[in-house]
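You will see two complexes here that share chain A, one where it goes with chain B and one where it goes with chain C.
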Partner chain A sequence: MNRTLILLRRELLSTFVSPVSWIILVLFLLVMGANMYISIIAVGGDLRQLLSSAYGGLVFWFMFLVIPPLVTMRSLAEEHRQGALEVLMVTGISDASVVIAKWAASSIFYFTLWVCLLPLWGVLSLVGDVEPGLLFTTHVGIFFIGSAFCANGILASALTAHPLAAAGLSFTFNIALFMVHFFSNLFRPGEIELLWIEHVSAIHHMVDELTRGILDLRVPVFWSTLILFSLFLATRVLERRRWA
Partner chain B sequence: MIEIEDLSLSYGDRRALDGISFKVPAGAVTGFIGENGAGKTSTFRVLTTWLLPDAETQRVVVDGVDLLRDPQTACTRVGVLPEQLALPGELRVAEFLHFRSGIKNVPSRQAKAEVSRVLEAVNASDMGQRRIDTLSQGYRQRIGLADALLGDPPVLLLDEPTRGLDPRQISQFRTLLDELRGNHTLLLSSHVLGEVEQLCDRICVISKGKIRLEEDRESWTQRLGKAGRWQLELAPSADAKKVTQWLNQQPEVQSVKRDQHHWSIQSDAALGFRIGEKALEEGWVIMELRSEPATLESLFLEWTGTDSGIPAKDGEGS
Partner chain C sequence: MSVLTERKNRARRHVPLQILLALWCVFVANAWVFHSSIRSDWTADGLLTVTDSDRELIKALTGPVEVVIPLNLGPEIEDTLKTRVLLKSARWLEELSQVAPNRLQRPILIRVNQEGEKWAAERARRVPALEETDVDRIHFFHDGRRVSLSSEELADFRIPSALEPEGVAEILVDRTREGIESALRRLIREDQALIRISQGSGEPGLKEAGNNSMAALRKDLESRGAQVEGIRLPFVESIPGDTDLLVVVAGGVGSWEPLGASVERSIQRYLDAGGGVVLLLPGKNISGLEGMLSRSGIDVGPGLVAEEIALEQGLVRPAFVAVGRQVHPRHPVTMPFLKRGLNARFSPARVLQLSEEATPLLTTGPGAWVERDGRMAQRDPGESPSPQVIAAASEVGGGRLIVVSSWTPVLNALWQGDSRRFLLSCFHWAAGETQPLGAGREPITRRVELSAPFRNSFFWTALAVLPACAFFGGLLVSALRRRNA
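Showing the complex of A and B:
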């Protein structure tokens, strides 16, 4: 555990001194700031509607799906290519520790991006009615679903030695989870298949539940399970490298 | 010490190590030499536990720890300076070494003292606050070696440690390695055979995944002596047939090649004096008598050029 924390600290340090991270942060704030501005106009100044509008539209989903692959693509792929992963792993640190530390660092950075938007909500609360409960449940969703997307990114990064290929693979995993929701059009309300889709649909969880203040325990349980599954697979992939 | 018995490693269908066996005595500096793709880095990767050997491998022991049974403990006994140094440029030297000491389970109370110790050991005490990406190649190598020394592992694996260094840095690095002799068991992989000749107490030659030779300094020095050549040129007045016949009769002569009145003789160093004596006795006029001592490089080319250069060790093929 101690080694995992040491590696996590080092990963966070590297992430936050990297110019790429700061470029991602600035672009994210610019795009999401513009998105908030347009959403305020779209909801006619009704701040109670703003959350579901700003955190449920196309821009939100684009940023939500695209940024995790960018954050995680170098984690294992680049290090493997440069030989840094070998130098790290011959110290006796476990594969699981490496995977967990890399995932935690990327998830913390990713969540920090969303936390950086909170001052905007703070300012809005001075001029209108912003419900803290809705903000809380929305950010719980961002935390769990975003962390699962990051876990997919770590798995993709373990599967290949090329960062761009890792980003592409990770985006494919995430978009597949996103697209599941569109199958719901094939079924009528009440059908068991539709219930299954709603259980695993990121769109359903965010738009229909979390941004409306509904926090169902099944949401954190499902996404936590997905995180564990992706990290388990990433660990196995890392182990496989030792079998020349 | 390191003991390897029947170590095999395959990458898919390709066999990188084909049942190699050798020993590296404690405290000795052993040169591990071979051409590119011979299996040096693969051996290092097994010793650091980065790669797992094939199932038929009999024994790999590092400092008394069986690597096949307890790889977690075995890898703590090994410090490695890899050929491809991947140091994080954004960190300061001391920050990097602190991080590495934590990862290597050095107790946090001792980490600061340990970082100072290894920086001092590699003569880079004043580099602690420098960012790694501002260091010269020579200092980067030193920081890589300092990292390998963290936790004071008894076994050090150095893969091409002087690659990319200028002559002054090479000389300083050799002095550094010389200082580590005795306290650590060193396995040094290098293509610079002069360096191996200068630094190593033993050599181990690997070619195509098989160990071709394992010798201590005394044995290979003797071999070098026997493999030296003499170049002899006599005035045409000398009877060439008689000279060739006399040369062939000398017990230390391995082979004689003649071209008109020029002879190339493979023999040890003592022959020169005997030729001089015989020339005086027979009235041969010596135009040229020159010794060409053998080098490790010439022997290496012979050993690895063909399978017949030197027989493989017992049980390791032709």
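Showing the complex of A and C:
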């Protein structure tokens, strides 16, 4: 545990001093800031609708799906290519510790990006009645779903030694999860298949529930199990390399 | 075979099993939460909170209720507001369907102008059939029956006319939850509550447009599933036995005649037989029912309630207004208001004096006093301020009687806010319902005014200040890193 924390600290330090991270943050704030500005004009200043619009629209999903692969693509693939991973392994740190530390660091950085948008809500709260409950549920969703996308990124990064291939693979995993929602058009309301699709649908969780202030236990349970499963697979992949 | 090779082979055999086990664990956890999930509502006004009464209603549905919402509204502001109400209703129905998806199915939303084929198929499938014009409504289907709701039944709108370009289109009263509740009740119950409202002594009419009528009250009650009729009290020998609630409006915009002794006797007989009566008192005259009220433990005091009303810039002005703030903590009428408080305005309002048989429902704050001359609201040294009772309830024989100190809140122009909510709760209890009725709510505005200065400052904060802060943060970190290196 202690080793995992030390590794996490090292990962966080290297993430937050890296110029690439700050460039990602600046670009993220520019795009999402513009998105918030356009959204507030489009919804006529209605703050409840603004939340659904800014955290459920096309720009949001683009950023939500694209950034995790960019954040995680180098984490294991690059180290494997440079041979740094093998050096890490011989120090006695377990595979699981490496995977968990890499995933936690990328998830914390990813969540920090979204937290950096909160000052805009602070500005809005000066002139309107911002609901903290809705902001909380929305960020709970961002945390769980974003962490799951990061876990997929870590798995993809473990599967290949090339960062770009890892990013592509991770993006494919995430987009596949995202597209599941559209299978719902095949079923009628009330059918059990539709309920299962909604159970795993990131769009349903964010747009229909979390941005409207509904927190369902299914959201943390589903995405947590997905995180654990992806990290478990990533650990197995690393272990296989050790034996190869 | 070396130890290493043996370990490798063992690991190869174990890994697929471990992955299968992990998949099984993921499935079990999700299957458990799929069937026994917990949902919580984090909206400030409990917009999507499913109450115990909602759960009971859904569980009382005998079979699957299917809901179809065909939308074909145009781009006008009026259409936008109506679409918003219908979509909000769909959202609420989705939330309700979570309680028992096999009894209340999730709504089928069809955008008619985009999904023509789907709409045609839906129309062909439904019994009773849906017509092509049945759009922009919510249709509930259950056991060969259909109940439909329009957006006007779910909310009151204010649409500015062409003559008031500065006017803002808005939803005045949002009744989506109550309207849906009423529609579901109508689906499972054939009989409607019959509410009779006094007419014929100078009371405002029930159907006329304009401010001096009770049309908004009638519409509100009908949207909750009640049948509303007028009753000319001076001309009937007795109150019809099928009446669930009698509302006596003892006042009118013009002259109003106090009720006679025969009316008082017939109301007393109706109450003794288990009926429910809500009496709204006149501002000046006697109502003619004082004897009956006195026997029920309620006396109407002389004078009018006055209070100091806050004006802009911190000024106050005494006025003939009673603001009901304190509610009875255990009475079914007032229990729904305990948590969120009440600010129900009545003007002009009489003061009620109660004996033990009656229960005070609504009382003003401590700053109110009784202005005995009734001409000018100006507190004299002898008129000491204290909480004044402005609504009371009494159980007479088998019946229920509520007396409210003012009749004016039933007028179209004043049928809003907390006084409306309070009166609806009174009607519900007096009609014999034990579950307090939700009384609709004025939507809480969570809108910021998009003035030019606000737009400018938000634009620069979003697109310049925040990214610039991140940029300079990055430069600072980079500089520190170089110095340390």
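List of remarks:
Throughout what follows, the second predicted complex is superposed on the first by the 244 of 244 C-alpha atoms of A that agree within 3 Å, B and C clash if a C-alpha of one lies under 4 Å from a C-alpha of the other, contacts with A are read in each partner's own complex, and residues count from 1 in each chain.
Everything that follows uses one rule, which is that a contact is a pair of C-beta atoms (placed from the backbone, for glycine too) under 8 Å apart; a residue touches a chain by one contact, two chains touch by 3 or more.
Everything quoted here is computed from the prediction, not taken from an experiment.
In the superposition on chain A, contact is made by A:82 with chain B only, not with chain C. Contact with both chain B and chain C is seen for A:17 once the two complexes are overlaid on the shared chain. Look at A:90: by the touch rule set out above, it reaches chain B but stays clear of chain C. Of the two partners, chain B and chain C, it is C that touches more residues of chain A.
Where the contact sets of chain A with chain B and with chain C meet, they give residues 17, 243.
The residues of chain A lying in touch with chain B in their complex are 2-3, 6-7, 9-10, 13-14, 17-18, 79, 82-84, 86-93, 242-244.
On chain B, the positions that touch chain A within their shared complex are 9-11, 16, 42, 45, 48-52, 72, 75-76, 78, 80, 82, 84-86, 88, 90-91, 99-100, 102-105, 147. By the touch criterion given at the top, residues 16-17, 19, 22-23, 25-26, 29-30, 33-34, 36-37, 40-41, 44-48, 116-117, 119-120, 123-124, 127-131, 133-134, 136-137, 188-190, 194-196, 199, 208, 212-218, 221-222, 225-226, 228-229, 232-233, 236, 239-240, 243 of chain A touch chain C in their complex.
Interface residues of chain C, counted against chain A in their complex, comprise 7-8, 11, 15, 18-19, 22-23, 25-26, 29-30, 33-34, 37-44, 47-48, 64, 66, 91, 94-95, 97, 101-102, 105-108, 444-450, 454-455, 457-459, 461-463, 466-467, 470-471, 473-474, 477-478, 481.
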